[in-house]
Amino acid sequence: MIRVAVVGGAGYIGGELIRLVLHHPHLELAAATSSSLAGRRLDSPHPNLRGRTDLAFVAAEEVGHCDVLMLATPHRTTMTAMTTYLPRADVLVDLSADFRLRDPERYAQYYGVPHAAAELIDTFVPGLPESHRKELRDADRITVPGCMATAAILALHPLAAAGLIDGPVQVDARTGSSGSGFAAGSANLHAERSGALRLFAPLSHRHEAEIAQSIGTAVRMTATGVEAVRGVQVVCHAPLGEGVDEPLVRATFRNAYADEPFVRVVAERRGAHRLPDPKILAGSNYCDVGFAVDSARRTAVVVGALDNLVKGGAGNAVQCLNVRFGWPERTGLEFAGLHPV
Amino acid sequence: MIRVAVVGGAGYIGGELIRLVLHHPHLELAAATSSSLAGRRLDSPHPNLRGRTDLAFVAAEEVGHCDVLMLATPHRTTMTAMTTYLPRADVLVDLSADFRLRDPERYAQYYGVPHAAAELIDTFVPGLPESHRKELRDADRITVPGCMATAAILALHPLAAAGLIDGPVQVDARTGSSGSGFAAGSANLHAERSGALRLFAPLSHRHEAEIAQSIGTAVRMTATGVEAVRGVQVVCHAPLGEGVDEPLVRATFRNAYADEPFVRVVAERRGAHRLPDPKILAGSNYCDVGFAVDSARRTAVVVGALDNLVKGGAGNAVQCLNVRFGWPERTGLEFAGLHPV
Amino acid sequence: MIRVAVVGGAGYIGGELIRLVLHHPHLELAAATSSSLAGRRLDSPHPNLRGRTDLAFVAAEEVGHCDVLMLATPHRTTMTAMTTYLPRADVLVDLSADFRLRDPERYAQYYGVPHAAAELIDTFVPGLPESHRKELRDADRITVPGCMATAAILALHPLAAAGLIDGPVQVDARTGSSGSGFAAGSANLHAERSGALRLFAPLSHRHEAEIAQSIGTAVRMTATGVEAVRGVQVVCHAPLGEGVDEPLVRATFRNAYADEPFVRVVAERRGAHRLPDPKILAGSNYCDVGFAVDSARRTAVVVGALDNLVKGGAGNAVQCLNVRFGWPERTGLEFAGLHPV
Amino acid sequence: MIRVAVVGGAGYIGGELIRLVLHHPHLELAAATSSSLAGRRLDSPHPNLRGRTDLAFVAAEEVGHCDVLMLATPHRTTMTAMTTYLPRADVLVDLSADFRLRDPERYAQYYGVPHAAAELIDTFVPGLPESHRKELRDADRITVPGCMATAAILALHPLAAAGLIDGPVQVDARTGSSGSGFAAGSANLHAERSGALRLFAPLSHRHEAEIAQSIGTAVRMTATGVEAVRGVQVVCHAPLGEGVDEPLVRATFRNAYADEPFVRVVAERRGAHRLPDPKILAGSNYCDVGFAVDSARRTAVVVGALDNLVKGGAGNAVQCLNVRFGWPERTGLEFAGLHPV
């Protein structure tokens, strides 16, 4: 058994990491930390885990050396503390934003502060098996991409890799309320957020830098907070190269994801489920991708959907560990999602 | 025009008071106070009021003498400050819990502290026109009942007044998230509260003391937080006296509320709307009441529903002012509610 | 009093027409028709109207001559029956889609059938007071625009009229479930639709033809069904002409809507309500519009929000009648909207 | 591998059966039937199953002999067709209501028709492992209880079995919209059901007969449709025998469920999760039970919560198969549930 410690275990991503580690046949939860809840049981903030563990949170300082350290800690503080985390495990998986962008200038631009550990950035491998599976096999430092970025990268990558995108991409992202985290303020009260369509990023969003870095094309995002608790949907407007038509796009997607365990190509002709919707993905590690092509106007609308806490975070991190340790990639991530829910 | 000041105007009840005062043809909003938002526009926390007022919040100390002072302030602090409020207006309407219970012992029992102004309690008239209309006509101090209490009192009062209830009543109350207020904590985050059925008071709730005081029968409440933002529904199990049957109950309700402008007796034979549901009452000042009778078992299930911020608070307060100043009781409260919503 | 009959009164738009007519001081509800519910009370499908009317639905044939006939009938059947409706009232307000497009070819393209009464199209005045107020003053035939079209036209019109838009506009529309109507099928069951992000029109939507006709620019829409019951939000990506900057856009919006009773320009610097959100508009006749400008990239994101059944339908129709009969434009439409809800 | 056919596979319970059978290591899905969708892929009505199966629905007549036949068919039609189902499998699991009540008179009373196969009733074993585990080990005909009945029976059984209940029990049941099924009508449209508190059974509900049969005490239910898609919560008011206090109740629950894999006793002192809430149970096979005791008034409020489609239906059925075939009872039912969701 590989022993895993989760740092920042009281939040939503932390709770999902704990749930998935407890469920995984080859992982053992060594510890979970929380500064505010040290001494309290793990199932206190995560009542779904009742009956699954009797562990209590510890302070971060109390965590000894582990095989794997998973960081569900805020950006900015993560990069500052990284040198204290690194010696404490053989493999470190960072779910914060701090080591996602290769270029520290870009980090400073999008996060408003200079990068505090720029020399470490290149030691991290991007935690997206679909595009970095080979490097992940012997990666000891993994940086898991953002939830909206993961959806958009998986939606756009096949077209980008095939050279079919011809110009900047507009990404319209919709995100559920769990993305704001458990520490969210009064703007995320139920009464305030219920039924809202809150366009909180009309012109630009941090995740666009990750997407652009990955697909090699200029990207602009808008982002809207929607009613769902879990779930991200991205609707990407991509200009197509000349002569690109629907059959070519379809073949490109089918080929790109034929062997991927967690990407499903969805593009039905009709019905309520013809394009990806995160509603059916809660709890699952799938990213569904789909598309509609208007070849006359040389444009594609490419859609990605996932559970922001699973494929958009904790599940994706566990999938990376499966790759890293050579286990079948679906291990511990078999849950299919529910319908209806 | 009667000049009204709202103390505690940044919260949800305060916002509704402001909305209704601005809309009322005989009321003029003189001031609204907020300690945290003094200097900010009223439409900053209440964006629905954009275009309706250019006023900004002031500190409570800045409010001069008014015709009417409406208090949307927390319990405990309200009774402590009451002697400073009283000289500042001819008519004072208190929406806190502090002067609702006639018996200060009962207050201490339910609110956990001794009453700080017990000598003032008897100077307040209960702010429920359906049962205290006559006294309200010359009342200068009005204490508006709690939202769940209002629904239960209006549901049970006809049977109680007719002597048809024979024993203690069980009240099962369901309440939307706005009842927790804008200052609510992380347990009321959207992600935590969405879809929840949170039985936060399984055996007893403060409002039961108000109900018992009003209907003269022992009352026990359970209370559950539900998904809705607005709305209270109470389901009351009342034991009936011997020989009480459905026609008698029906006649009792019809008679009791025949002339009431804001109580509707709803008891259809079938369909999705056969009993009161707060879904259709958002924004309206109606309290819908209905019932089902099992005379063989000598029991009635009596149901009340209202918008907790309107008939359960701010709207009811304005209705009291209409009575107090002799205006038609519907004045400023005409909104019918929406379907669907 | 002006006597109004509502044809198609059992649906959601019909119910809102009835509610608003009953509330209006100068309108009197003469009749409401429903083929399926003839003989049933109006408050049977519209329980919010209990206590407001004792009328029952009649069959369409039973409606005699009225001052105003309002049609909340399906597209296709409306144009076929129009010649039977026209003689039955002095003023006819059509809320169907059939007479919105000036060009019958365009109608055939977007609705899939040839227009059955093309010769009548030019006799209708578009029912949008903000752009056709003058013509509406003596209009006897009014065609009310679609809900998403209204939001997009009001959002884009100031920039278009000022010549600031330089190229085709992408409109991303999000719409609540009441837009599907009461006759919707199993895809609109609560279990299916709750929490969904259903991208039902990825490349094109009928309302884009209305928008293009009104603003004189090519328009492409995507449309997504979201969780809310009421509400439309449009997010429009508009390319700007050279040199157009944020102050110019701001001034253009302020000037365009300075005197409009039902359009609010919303563009705060920060906070949860900085851009229009239909959450606070349920029941109100406001259309909120806002924008964010990236002059470096020569693009504006323009946002419009409204209640699809009020400003997006029935309320807008009543506003047209207010113009037509010379009453103050806010008459009967004063409801401010609720927060929170 | 045990070969399973699901009859009635297009509905919500059918979809869950298919999902769980596909996931189960010892079960193999032989066929799923649907009269309306024969020939369509299983993942057409159940999009969460994309990538999990390539099967298509068949007509019921096409299903050959299987090891297990699971019936997710409507009541009334199930009893009529039972003699045709029985020869087609070694083990039959009926999820309809038709064989739950031991007394055919009681069936006639609650379902409004005489029982069509009364002679078969005694050949069925109740499909609730917590109370019939021993009989299930060699049962060939299993009748799975109703969702609300399961929650109430598991909540009340420990007290009833220990003789602590002293009088009739009042059960207040709240149920999500998936309980109405995929064939539900316009009253279950999203716009109609969203945010509703629909008290559809104020005095009595069919499931009370099942509960009474199981716990041996008179039971009366009210039932309310709430906003959630999945989930049942029952709040049971039980009169207690003399001298029964909180420690005794607690010990009784702890003892009763100490070894149960799918019943969790939840009764925390404080916090948002102190009593069972179905919100955290979506997709899981847990039934959470909890209680609050007022020994002075000799009453307990006992609360049960579950996912109506899993422990309240399909999951419970699979648990029965695990018992029947001697597999570890948690097999294929490990999913912990999500928080938040």
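For clarity, chains are labelled A, B, C and D in written order, and residue numbers in each chain start from 1.
As a convention for this text, a residue touches a chain if its C-beta (ideal position, glycine included) is under 8 Å from a C-beta of that chain, and two chains touch if they have at least 3 such contacts.
These numbers come from a predicted model, not from an experiment.
Visitor: Between chain pairs C-D and A-D, which one is joined by a greater number of C-beta pairs in contact?
Guide: Per the contact counts, A-D leads.
Visitor: Report back the single chain whose CA centre is most distant from the CA centre of subunit C.
Guide: Centroid comparison gives D as the farthest chain from subunit C.
Visitor: Could you please state the distance in Å, as a whole number, between where the Cα atoms of subunit B are centred and where those of subunit D are centred?
Guide: Subunit B and subunit D have C-alpha centres separated by 38 Å.
Visitor: Let me have the rounded angstrom distance from the C-alpha centre of subunit A over to the C-alpha centre of subunit D, please.
Guide: Roughly 35 Å, centre to centre.
Visitor: Can you compute the centre-to-centre distance for subunit C and subunit D, using the mean CA position of each chain? Integer Å is fine.
Guide: Going by mean C-alpha positions, subunit C sits 45 Å from subunit D.
Visitor: Of all the residues in subunit A, which ones touch at least 2 other chains?
Guide: As it turns out, subunit A has residues touching two or more other chains at 12, 178, 191-192, 194-195, 227, 229, 271, 340-341.
Visitor: Which residues of subunit C touch subunit B in their complex?
Guide: 12, 15, 19, 22-23, 44, 46-52, 178, 229-230, 264, 266, 271, 273, 280-284, 286, 288, 334-341
Visitor: Would you pull the subunit B residues touching subunit A in the complex into a rising list?
Guide: For subunit B paired with subunit A, touching residues are 12, 176-178, 180, 182-184, 186, 188-195, 227, 229.
Visitor: With touch defined as at the start, can you tell me which subunit D residues reach subunit B in the complex?
Guide: Touching subunit B: residues 170, 172, 174, 187, 191-192, 194-200, 202-204, 220, 222, 224, 226-229, 231, 233, 235, 237, 271-272, 275-279, 292, 294, 297, 299, 301, 303, 305, 340-341 of subunit D.
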